[in-house]
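Below: one structure in structure tokens.
Each chain gets a letter, A, B, C and D, in the order it is written, and its residues are counted from 1.
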Amino acid sequence: MQERLRIAIIGAGYWGPNLARNFHASPDWELAAICDLDGERARRVADQVGNVAVVTDLNDVLTDAAIHAVAIATPARTHHAIALAALRAGKHVVVEKPLADTREHGDAMVREATERGLVLMADHTYCYTPAVQRIRELVEEGALGDILFIDSVRINLGLIQPDVDVFWDLAPHDLSIIDFILPGGLRPRSVSAQGADPLGAGKACVGYLTIPFGAGAIAHVHVNWLSPTKIRRMVIGGTKQTLVWDDLNPQQRLSIYDRGVDIERQSATSVERKASTVSYRLGDTWSPALPEHEALALMATEFAAAIREERAPRTDGRAAMRVLSVLDAAAVSLRAAGAAVPIEEDLPDLEVVA
Amino acid sequence: MQERLRIAIIGAGYWGPNLARNFHASPDWELAAICDLDGERARRVADQVGNVAVVTDLNDVLTDAAIHAVAIATPARTHHAIALAALRAGKHVVVEKPLADTREHGDAMVREATERGLVLMADHTYCYTPAVQRIRELVEEGALGDILFIDSVRINLGLIQPDVDVFWDLAPHDLSIIDFILPGGLRPRSVSAQGADPLGAGKACVGYLTIPFGAGAIAHVHVNWLSPTKIRRMVIGGTKQTLVWDDLNPQQRLSIYDRGVDIERQSATSVERKASTVSYRLGDTWSPALPEHEALALMATEFAAAIREERAPRTDGRAAMRVLSVLDAAAVSLRAAGAAVPIEEDLPDLEVVA
Amino acid sequence: MQERLRIAIIGAGYWGPNLARNFHASPDWELAAICDLDGERARRVADQVGNVAVVTDLNDVLTDAAIHAVAIATPARTHHAIALAALRAGKHVVVEKPLADTREHGDAMVREATERGLVLMADHTYCYTPAVQRIRELVEEGALGDILFIDSVRINLGLIQPDVDVFWDLAPHDLSIIDFILPGGLRPRSVSAQGADPLGAGKACVGYLTIPFGAGAIAHVHVNWLSPTKIRRMVIGGTKQTLVWDDLNPQQRLSIYDRGVDIERQSATSVERKASTVSYRLGDTWSPALPEHEALALMATEFAAAIREERAPRTDGRAAMRVLSVLDAAAVSLRAAGAAVPIEEDLPDLEVVA
Amino acid sequence: MQERLRIAIIGAGYWGPNLARNFHASPDWELAAICDLDGERARRVADQVGNVAVVTDLNDVLTDAAIHAVAIATPARTHHAIALAALRAGKHVVVEKPLADTREHGDAMVREATERGLVLMADHTYCYTPAVQRIRELVEEGALGDILFIDSVRINLGLIQPDVDVFWDLAPHDLSIIDFILPGGLRPRSVSAQGADPLGAGKACVGYLTIPFGAGAIAHVHVNWLSPTKIRRMVIGGTKQTLVWDDLNPQQRLSIYDRGVDIERQSATSVERKASTVSYRLGDTWSPALPEHEALALMATEFAAAIREERAPRTDGRAAMRVLSVLDAAAVSLRAAGAAVPIEEDLPDLEVVA
């Protein structure tokens, strides 16, 4: 049995307790401290997991040589400063989504981690759920064939966030999942964003992202704070099969349909193609059994493994930057009435942690 | 009992038999003839409804003074020529959706009918279903309050049409329904269309329309021929209540949720608003019982009533033109990478039939 | 191409039009006549299928040597007399469910047909649906293993029938299906029936049948006229896999679950068994694609094939008698407060048609 | 603010942690100790809620005068001995379901509590869920009218319990809920039980209870350990409206249907009734919003209130005895091939706590 790595949780708000519980329970980790400016709040989180130190000054964590890593669960606008300080103090860092509040901030974080040879990981929690893990495997195995379209809907009556719009609040989930399951990650050509603020909340509460990628494929994301019905469904259409993930149906989260349209691509003329070469498959449906595990537990395991094996974690800073790039371009598109905004290639001169 | 009006069906293809059956069964109508270039095909439709004349030459219908009206169910590109000929022959006309294949063609049809004082009706069948009739009533009564957003999904494994893309094939349903239920009809500021042809079919098989309307409201339509799961659902969010129409759930097609977000709009500053004036309602859900009737039967009744009362029918040519305007602008947007395309005001110099 | 067999429909009520339409459309059959005491009613059915003779006197059918078979769709209490007359006139007979109103009547019908070498078939329509055909195949192939339990629910707000209770109205469907899918048919040891008439309708409107069969297996049927929600679901549990048939979910009617409980049966003592030999499988779910065909069309084909091949049809008179035996015993049990009533073996001295 | 009552949890197995968490969090209670023969197990539960004493000897709890009450979450066969000891030590007692393993044992517990003026409560947890609380209110208000039938299904792939069959494992939930919502509690005339052990597990794994009550009404319970699909649904049919509770549909747990059958009961003859007086209502459906609270928290509150107000709690020992009586009779019926077994009136000479 390897020695446990020691971690501190920075931020005892909404997400902190979940991180605390999972790092506490992980065989890879020793939960060393809960850090929050509000000591009382930190104390409540610490109490839930037994005897864990409570710290109100971040420096006490950063100067503690026995602490290997920090998990940052503070508001997004503070991620950049805290993460840079932690990296400069030699700590590995995992950050709650989104990685940062701007592309520039995220960029600086990735550079800092890369230069220092430290792990910078994004807590894209959904990627560690049994469902998304299985989807990634199925795509990798080629069960779906080439991906033709991805349609993701994430709507319910949600809290109108004070500091971010519905895109920044919800779409990081969809984007990080799509990035995770596409071989090579999400590398779109452009993004268009359409939003509405019909209540006059001062920010988009209903939003749509359109993201062309690959050779004619398209991803589309619908996020909505105003829907009284809750839907969390992603359809991933492939040339071979199509997968539907309905996260609110615990009895059948994943369904793989052996149904689709086949078009003979090599046909000489479009006239011939129209006339003769479209065919339909109407095959069986299949729903794989999923193991049961908590996503955050697997995330904690992956974080430890990446540190020990000196490799990039599955949801590394670069994956987070791809998500951030789309969000950033979406914000530009939103201000430009939905015009398609090109996505810059991701950081070409950076090496993954090694 | 009034004397029955006499009608001929033009086109014995996919939709013709449904029109034949309903006009045959209607107490308002006498089905006088089935007209199709393919006499054999017309004969099969005629046989299904008993003794009805079969005609292969359109002129035989148009010159028959005992025929008051025609129902056109031929391919969209032929609507314009047939409708103009029928109107010029003094016949009232109902046309299968879409009204015409271009805005100009539709425009000419509306002008012709207006000038001649004839009824030109669009067979927007969905508008005559019990569900949509009820939705219109609820909106009219103010049960939903002001409309904030409309999200419509119409996806399934569909036939790739030889002559139209997925927008022209499926979106007329969504657009005509939205036009029908919005007081004053659908009068958007602009439309953005994003499509994908990931199979290389030569036309969009996956499509998204974004349609801002009113003061900050938004409508969005998702049409898709490549989805193995069938979804036909529209969410209509209002300031008071939100309605969900799930057309594939016959046991509960309509659900009205007394849930939502309330924002005090008059708050002095955005800071105050953020802090204090967002509240949530989590009330009951209600599902109205719907009468059972066939949509086409009600459409036939409305067509007869409009003719007799010398008024515009509920889904008149101008409603069809509003749908056509959006489709037309969508086609432009599609070629412009989804850029927002303004919608021209509808025909200002035209009077409704009277 | 074989010459078509000629059939007359007896009874132009609720079910007659469906029979007329399907025998009319069948390549195996020529629909020769519609017979009903009410000539007007017969005429309406005949009109729907084109030129078919209308007959008001049963003898005109029975004495017509050109007619090979009759389909009886009259009230259940008349089945016996009409079927016997038809058989004695040398006609093959298919009878709407239930075969007869009493076990004795059904018995006499089966004997008459057997003695005359004529086909007597029960129109157990559900057995000819794609779903039930597939279930039978799966059971035959051993995909489910040994059958452990069958739970069938058929409830909705139904018409309270004037002459039969909810058992005789609805349970023939469930029983004929169960008989069809069990290898060797449904041969229960006994049946218990519990019913309730909470509205004072004069007959059971809510009913439950419990039917032990095989070595410890159990079938249970819930029929209910008073339920505002409609459920039509059958769960068939096997040692290998379990099948769920949800007839109201057209997108996934059949689901086969590779989940279950395994018990090592050979364990020496019950103490050991308890301690160690129960295990669980939590495997995948699979939903086979089903062909689309109308059940009555397949029934008509099977009727013709049985006549031509001089064999018993799949749902022959003996199958109908097994259903009738359960209904008959259920009526006895109902009067005896639900006591288990043994089921007599079916007719041992009868040969199938040959 | 009143002083908190002090409670000890007896049994740190499956249910103990839930009790510990809720009594710990309750403003009415102070969690004084976790008692289990296995000190290690007790320690783990205690750690989860912070600083709580761990006790391995029950006497240490019973002799601690500062402890007012105990919550018993040990195996059912030990409830009787522990509860009697606790009551004799002057402690109020709440017991996990079922109250006891036999009717006699439960009887003795109720008598002991009554004689000593102590609260004996059954932890019928489901009765304290928001859904069941609301159902009870609706029945009390008369929203459903007279209850005609109750059909409860509780099936899924369940653990085969070593010491109890499926009736004793699952049906206490259904029975306690039915007892809770019926005015005056569940007072059936008789019970019939049908079970099957198709796997040779040595006990019923599939079970059906039929319970006639009132004037022609019927309750039916289906419990099943072998079903791969999970269903938890109760239909409560009334003369006015019918309620469906689908516990696995968090978005619409309760639906009240204004649909049903009306029969004029006063009609002179059955012939007339059949002919003319059955009518159907097909009205709206309504789904009440439910508050969110944890059932055990409300149970803990009710336990404290009953102690302080010196009254019987809502799920008192007598309610538990009614449940036990049905289970007891069911066991007799099961051995008698499903014969109807009369239910004895409940304890006539006992006074509720006062």
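Here is the rule we go by: a residue touches a chain if its C-beta (ideal position, glycine included) is under 8 Å from a C-beta of that chain, and two chains touch if they have at least 3 such contacts.
A quick note: this is a predicted structure, and the numbers were derived from the prediction, not measured.
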{"item": "Which of C-D and B-C has more C-beta pairs touching across its chains", "value": "C-D"}
{"item": "Chain of greatest Cα-centre distance to subunit B", "value": "D"}
{"item": "Mean-CA-position distance for subunit C and subunit A (Å)", "value": "53"}
{"item": "Distance from the mean Cα position of subunit D to that of subunit C, given in whole angstrom", "value": "40"}
{"item": "Approximate Å spacing (C-alpha centroids) for the pair subunit B, subunit C", "value": "43"}
{"item": "Junction residues of subunit A - those touching two or more other chains", "value": "229, 255, 259, 282, 285"}
{"item": "Residue ranges of subunit B touching subunit D (in the complex, touch as defined)", "value": "252, 255, 258-259, 282-289"}
{"item": "Subunit C to subunit B touching residues, read off their complex", "value": "47, 50, 229-230, 251"}
{"item": "Footprint of subunit D on subunit C - complex, ascending", "value": "148-149, 151, 155, 157, 160, 162, 190, 192, 194-202, 205-206, 208, 210, 212, 214-218, 220, 222, 224-229, 235, 237, 239, 242, 244, 255, 257, 259-261, 263, 265, 270, 273-275, 278, 280, 282, 285, 337-340"}
